[in-house]
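The same subunit A turns up in both complexes below, where it pairs with subunit B and then with subunit C.
Moving on to the complex of A and B:
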């Protein structure tokens, strides 16, 4: 009676140990499938299987002022990179959930919540949506930045296998040198069904 | 084998099972050292490596108001911990990692009037903007942040101590399958009393 019990106990413990080795050593948690990048550049439409993405403008700012209310204007820790985008879902209503910048070293930058700009874009089929994304980027990482937009979610790794717009923002070394000292202030925008022009203001002009 | 086991006493069998369990706990982290790091005395202008962030406490001040964001409240004081925080990792990390790193003793903490909790509030020193919940700090970006708590007016500031804890990067978590996350250390990196300036 004791032998089967001992055998079962040893078998269970061995199975746990083997399971742990499989889980930790065989890299089962690593992303196996990368997103399919569709390269583009500023001012040109990037066609994805489910939508069109066009970066229409990119510029630096030190502050992004709130459009309404008496909120204070957030200041960038580095430099705010303001990316204006026109997005059109082409097959079905689509939530473009994942928008981020990637630098020349492959590091990803998230949009700044405190800037009160767009975080994602929700579009009806065939209806262009205009959005402004605001990223706080270290001054030494500006040159070579790329804007990436897709349906998936960066947090939950659902970018896997998704078609992703990968747009070169055309920021040169010379741009980086001048952008890092910017003192520009723009009013925040989120998403709109109408095209918008960014409004440069002084901090004194901000609604209070 | 059966005879060998049968001849052992109950205590010996129990000891053998315990030894086997200790051996088998090795891949689960059972043999990992608890904490070898030495806790250093906390000081102003001391750069601490939390894991994802460098954090330096620039000043600690008790004030009655913090314009333009916090009005004077006769029933409390505000303890303002001004810091410099830099994300030195290669990915965007949640600002709450910096907030959660703080602990303290004899701080006389009070809940906020408009909230039930007594958590720290986090403001940008350069713009006075309260950092939204879920904000991320991008790689290499530095923020000057003020961590603010509401405290009892008669808090003994000489007895007040602060502690800063760091994080361990957990590539794989066999229990939750939640990989690549920062786990808060139980022991602080630095703790102690720092000079607290009292202002109006």
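Moving on to the complex of A and C:
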């Protein structure tokens, strides 16, 4: 009788150990799966399982002027990085909810809401949507920036296992040095079904 | 003297219960499966060929509890139109390389049925889905200004028609427009209110 009792004891201890691993290492409340990055570069279409993403232009700005109304133009805390993107959903209408810049140290930047540019892209199937994302980035973090776009997840706010466009913006150290001192001002754009050219404008000083 | 009982024999009831317990644990952890089911189009409520009515009764929950809607819908014709009603802009031609496809649907339902808030979509021969913009067509399934009752909310009870609107007639036609890239072959029209249920209308 001793052998079966020993077997049962070992089995119970093993079950407890497995349960402990499941509860601690496989916590369902933590992000378990990294997004699947599809690397790309400016001017080249990055094909995802649900859409195509092409960064068509990237440039710096000091201000982004509002297109409508009399609001003052917001100034970047660092440098505005303006990323023009062409996005096409390929299978079904798709909300490209998650747009970030990631710097060479792995820090992520959300689109700057004060710039009044696009914050996401809602695309009909097969219909290209043109969008301008504006990010406010620290001047010393410009070189090596990457643009990331994916569907994201409205329910869980994660990129859990999503296919993600990861586009190298091609910003060199020399670009970073010159972009820091930019005084360019552009009109804000959001999304459009027609391609658009960024319009550089001159600001008028408001009397104090 | 009886033979010693084996471990397997002594625990046969628990061993038999083990697959049931594993199934229960899996089901209890399947919230991702629930989300997948509830957010996709997985349950065909009714179907019909072009020119025939699909008769539909769908149960759903509104703010007061479980209820249902009963209707009939028929695909009359697909066509193309020159202008598209952009939601936040003036109507204009569709973008280059894109057709504005009109979907003429004939409807029948009692005036007390809640039919607002539907989505109309086209599916091509590759399974790609194109949806009518809900901002451009908030009334893709009901007549404009005679949309019938809304879902109950606030002080508005079930079956109440918004103030200032006439009751909906028993039959009517809608023609939402969907943007579709040129050269695509549309094979189906889908209509739905609450996923995962949908109505499939074949294009002939």
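Keep in mind that, in the parts below, the second predicted complex is superposed on the first by the 169 of 208 C-alpha atoms of A that agree within 3 Å, B and C clash if a C-alpha of one lies under 4 Å from a C-alpha of the other, contacts with A are read in each partner's own complex, and residues count from 1 in each chain.
Keep in mind that, in the parts below, a contact is a pair of C-beta atoms (placed from the backbone, for glycine too) under 8 Å apart; a residue touches a chain by one contact, two chains touch by 3 or more.
Remember, predicted model here, so these are calculated numbers, not experimental data.
> Between subunit B (first) and subunit C (second), which, if any, makes contact with A:4: first, second, both or neither?
In the superposition, A:4 touches subunit C alone.
> Classify the contacts of A:69 with the two partner chains as first (subunit B alone), second (subunit C alone), both, or neither.
Touch partners of A:69: none, neither subunit B nor subunit C.
> Which partner chains sit in contact with A:127 here, subunit B, subunit C, both or neither? Use first/second/both/neither.
second
> For the overlaid complexes, name the partner, subunit B or subunit C, with more touching residues on subunit A.
B
> Of the partners subunit B and subunit C, which touch A:114 in the superposed model: first, second, both, neither?
first
> Which partner chains sit in contact with A:193 here, subunit B, subunit C, both or neither? Use first/second/both/neither.
Only subunit C is touched by A:193; subunit B is not.
> Using the touch rule from the top, collect the residues of subunit A that touch subunit B in their complex.
Residues in contact with subunit B: 2-3, 6, 13, 16-17, 20-21, 23-24, 29, 63, 71-75, 77-78, 103, 105, 107-110, 112-114, 135-138, 140-141.
> Contact residues on subunit B for subunit A in the complex?
So the residues of subunit B in touch with subunit A come to 2, 5-6, 20-21, 24, 27-28, 68-69, 90-92, 124, 126-129, 131-132, 134-143, 172, 174, 177, 179.
> Report the residues of subunit A in contact with subunit C in the complex, numbered from low to high.
On the subunit A side, the touching residues are 4, 7-8, 28, 90-93, 124-128, 155, 193-194.
> Contact residues on subunit C for subunit A in the complex?
7, 29, 35, 86, 95, 98, 127-131, 133, 179-181, 184
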